[in-house]
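Below you'll find a set of structures to go through.
The same subunit A turns up in both complexes below, where it pairs with subunit B and then with subunit C.
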Partner chain A sequence: MHNTQLVQAVWGGVLFGSVYGLMALGLTLVWGAVRLLNLAHGAIFIVGAYTAYWVVSTLHMPILVALPAGVLVAAIFAALMHVLFIRPVIGKPGFDNATLVATVGLSISVSAAVLIIFNPEYKVVPPVLSGSQNVVGVQITNQGLLVIATSLALFALVYLFLTYSRQGMAIRAVSQQRDAASLMAIPVVRTYGVVIAISGALAGLAGVLLSPFFFLNPSSGFNPMIQALIVTIFGGLGSVRGALVAGFVLGLFESFVEVYLGVAWALPGVFLLIILMLIVRPNGLFGIGEVRRL
Partner chain B sequence: MAVRAAPARPEVDREATPWRRLSLGTAGGVLLFGLVLPWLLVRLDIGNFLVVLLILFFMQAVVAQSWNLIMGYGGIYSFAQVALFAIGGWTTGVLAHSLGWNPFASILFAPVVATAAALLIGLPTLRLRGTYVVLLTLAFHELTRVFAITGPRFISGGGYGLTIVPGFPLGNVSNDQRLIFLYYIAMVIFAIATFVIWRVIYSPLGVAVTALRDSETYGVSRGINQFRVRLLLFAISAFFTGLAGGYMTHYSTGISTSVFDLSRLIDLLAMIVIGGWGTFMGPILGAGIVIGLDQALEGIGDYRALAEGLIVALIAVFAPQGLWPALRGIYDRFLGPEPAEPQLAAEAEADSSAGG
Partner chain C sequence: MLEIRGLHAGYAGSEVLHGIDLRVGEGEGVVVLGPNGHGKTTLLRAITGLLPARSGEVLFAGQDITRWRPDVIVAAGVIHIPQGDLLFPEMTVRENLLMGAYHGPTWAGRKARLSRVYELFPWLENRAGQLARTLSGGERRMLALGRGLMAQAKILLIDEPSLGLAPLATQQIYASIRTIKEGGMPLLLADENANHVNGLADRVYLLETGMLVREGPAEQLLKDEALLESYLG
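Our next item is the complex of A and B:
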């Protein structure tokens, strides 16, 4: 009995931790490079998820077609957002205000649009892998294992991309010193666009992979986004490694609280943890002294 | 015979103390108009409906102004406004419903508890900047929402909120009179909140936060205690937000968990952004516009939130000043008095357009 609870808590923690990490990875990349707090991240999440749902339910395609479609549409949506709402204010004095309000406005528009196109009823996206294993009474779904593997693989991929590829080096250069990067003939604004599109693709992927665990509705992007924001801050804004570690730490913490204290305590617990964290280490686990900056 | 120069007396800076320019006649006239208006309106066919709209306008304007005070003037990106509104509403609702208090007594506790909650959330967050405040206040919003839905039964009402809160006891009066009394209460709250916020904006506190918003380094080096100033501003904002929440609970004899919907948040944000971020009149104008449009666009239903979100995003990016500064510019150019000191006026203009 105790074993069951323990396995349940660990499994839930690792599963959700990896997804929070995936969502947080996109947020932290955009923050690190563009200094943009993207409050439309949850909206991009549901854009990806609903695209996959539409491909499966209306076009009757298999989920393996819907998955890349969802990721692609989410990335395109993010790129469009960059062109229409972010690019015009880059370098202007009111950048923080404008992007904050614009992304909030956009995310509400997306929820409303989804509500109009589909309907408020809960949707189900089929899992990529079906079936499950039974470990001491806990169902370990194959989809869950896929999500964890994908998440870890993507962290490795993003890390390698940032470290070794030309584009990745450009992104790092832009995030460290925008003016110097621009003098080195790095197209700063285009690099921003690339980062935002990558972040959108990650959010879309999270949306498609995660929606079999939840039912999908127009506002189901809000909660993952809050969790991702918490993970991002816990791990240190702008830190890729921080997003990975903090994702698992918070996922496990939340899962243990849920299993042993009850679901109602999960959010207050996480909230308390993050406030303690900010008091003890205001920059997060791997943050680099940038609390004073929006 | 030499003309003796008058002794130089320091002139009160009229730009800094706008209430000195307000004549008693104007203030009294506006007040009288506000008092008489509902009596005239209820004689019309759709008059009652208009009075209801005015009540809504008063309350939304109070919340929008309070939010603008911390977001627009203070540069504190707090998204806890709706949660504080709900806390005010629930406080007085529970006191009146579960303990049977007189609403006129229990509503006094709404702003107090909301302010206490604001201090609680402000203590750990307001030392931090920007993003952290956004995150923690959003998380606070979510936390409050979850608690309101899943909390103890006398709070959650089984997930629907409080459905049978007593209204204000106004004695045995006709429906029209009842509505007019409700209107008066709303107007008094609106008038007090507006006046206090107006004074706060031009007080040393308001000047200090505006300085911090525009140049933190400069403000701090002039000896402003950033944390204390922001906490105080946050508390003032929460006070009136909670009061408005308390009023709305008794006005609509209940408070539902749908106040936490994101559409409420975008409504308030739209008022500030459309009217003019970081201007005194902006949120009031914005509240009027959003409530008016709300009625005009009733037919388009779900498309309203879609349009509203897009409009807010577009204005924030392409016309961040909002409507009020534009209207003000037109007034000054065509109708207003000639500026006495063009240089000073130009500077003030530059200052006000630099902010926000």
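Our next item is the complex of A and C:
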């Protein structure tokens, strides 16, 4: 009994942590590089998820085809968002307000469009991996293991990309000193587009991988995005390392509270932790205010 | 090589440059002398497109680059080493240098360029792994210069290389710029101190309140102490 609870808490925490991290990664990248608070991140999430659902249910293709399709469509959707709504206001006064309104508006439009194209009924996206292991009475799903592995691998990949690749270094350069980046022949606005597309691909991937855990509906993107926002703020806006650590800290904390104190305490507990953290470190775990960038 | 005709530029509400005409020939060292706040930085920023020109033309190698984006102008070989420390603060010395070679065709040869810059400034190699924000003022200038040399420059624009530097660091910086100039690189240097630019200026312009008020060969203008005194104080 004792062991079962502990395993349950750790498993839930690591799984939640990976999910939070996966969603927060894209959000924090865009904030760090573009200074854009992308409130359409949840909408991109369901674009990926519904694409996968459509490929499976209408085209009768396996989920292994639907997964890359969802990622690709989400990335293209994000790139289009950049071209239509973000790019025109870059460098203009009122960028913050304009993009906040645009991304919220886009979220509402996507929900409405999904409602019209599909219908309000709950949809089921099949898992990539089915089956589960039983560890001292706790169901460890294979899809859950896949989510954890994918999330960790993506953090490593994004870290290596930003640290060592020409494009990744250019993203850091643009985020730290925009004028100087221009003077290095780096196309700043196109680089913003690349970051937003990468972030869209990450959100789409999260959408496809996470929807088997719940039923998909037109507002499914909302909760993951709120969680990602919380994780991003907790970890320090714009910090990749912060998103990873904060994802797991919050995931484990929530899971332990749920298992040992009861589900009713999970959300209040998480918020209490965040409030305490923000009193001690107002810029988040790894945020150093305005100066700290990718 | 570089020719500017009737250039007007400025910031919201106030014009800083009121019709600049300037020319830099092949292999020529041109210096724009003027006190602080008279438009030297604005001039260089307008040339590389960081600040859009209001009117006038900037021609480079026969092409009108006035409306080009900064990254495209730089990719064409107009390398601008900006004032102050426009470095990437959270990147290492080595990463800052590598960014100088970002442009596609240059990137392939970045290793060779890096060792050449290290040869010129051995100090940079010792600090390769250090974050740029931890460097001192003189070290930052050295890094900014090294970063500019990582690019495939056809012309170098350098903005006040000595700003805020100690005398020894100032000497080092100008010695390295002289070396670059002797290699045949055309140069447009903005400065406020006539003593610094001896030996690297072929021609000198005097800039006052956004206008070029005098132009002449360096050996003539730089010796006219009464003139320099009246403009630069």
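A few remarks follow.
The working rule: the second predicted complex is superposed on the first by the 290 of 294 C-alpha atoms of A that agree within 3 Å, B and C clash if a C-alpha of one lies under 4 Å from a C-alpha of the other, contacts with A are read in each partner's own complex, and residues count from 1 in each chain.
Here, contacts are C-beta pairs under 8 Å (C-beta built on N, C-alpha and C of every residue); 3 or more make two chains touch, one makes a residue touch a chain.
Keep in mind that this is a model prediction, so the values were computed, not measured.
Of the two partner chains, subunit B is the only one that A:Leu37 touches; subunit C does not reach it. Legend: residue contacts after superposition of the two complexes on their common chain; A:His2 is shown touching neither subunit B nor subunit C. Touch criterion not met for A:His60: it reaches neither subunit B nor subunit C.
When the two complexes are superposed, the chain touching more residues of subunit A, out of subunit B and subunit C, is B.
In the superposed model, A:Ala185 makes contact with subunit C only, not with subunit B. In the superposed model, A:Arg172 makes contact with subunit C only, not with subunit B.
Residues 291-294 of subunit A lie in contact with subunit B in one complex and with subunit C in the other. The residues of subunit A lying in touch with subunit C in their complex are 166, 169-170, 172-173, 176-177, 179-188, 291-294. Residues 77, 124-125, 127-132, 134-136, 138-140, 142-143, 146-147, 150, 216, 262-263, 265-266, 269, 273, 277, 302-314, 316-318, 320, 354, 356 of subunit B are the ones touching subunit A in the complex.
Interface residues of subunit C facing subunit A in the complex, by the touch rule stated above, are 48-50, 69-72, 74-75, 79-80, 82, 86-91, 95, 98-100, 102-103, 107, 147, 151. Within the complex, the subunit A residues that touch subunit B are 31, 37, 39, 84-85, 88-89, 93-94, 96-113, 115-116, 219, 222-223, 226, 229-230, 232-233, 237, 264, 267-268, 270-271, 274-275, 278-279, 282, 291-294.
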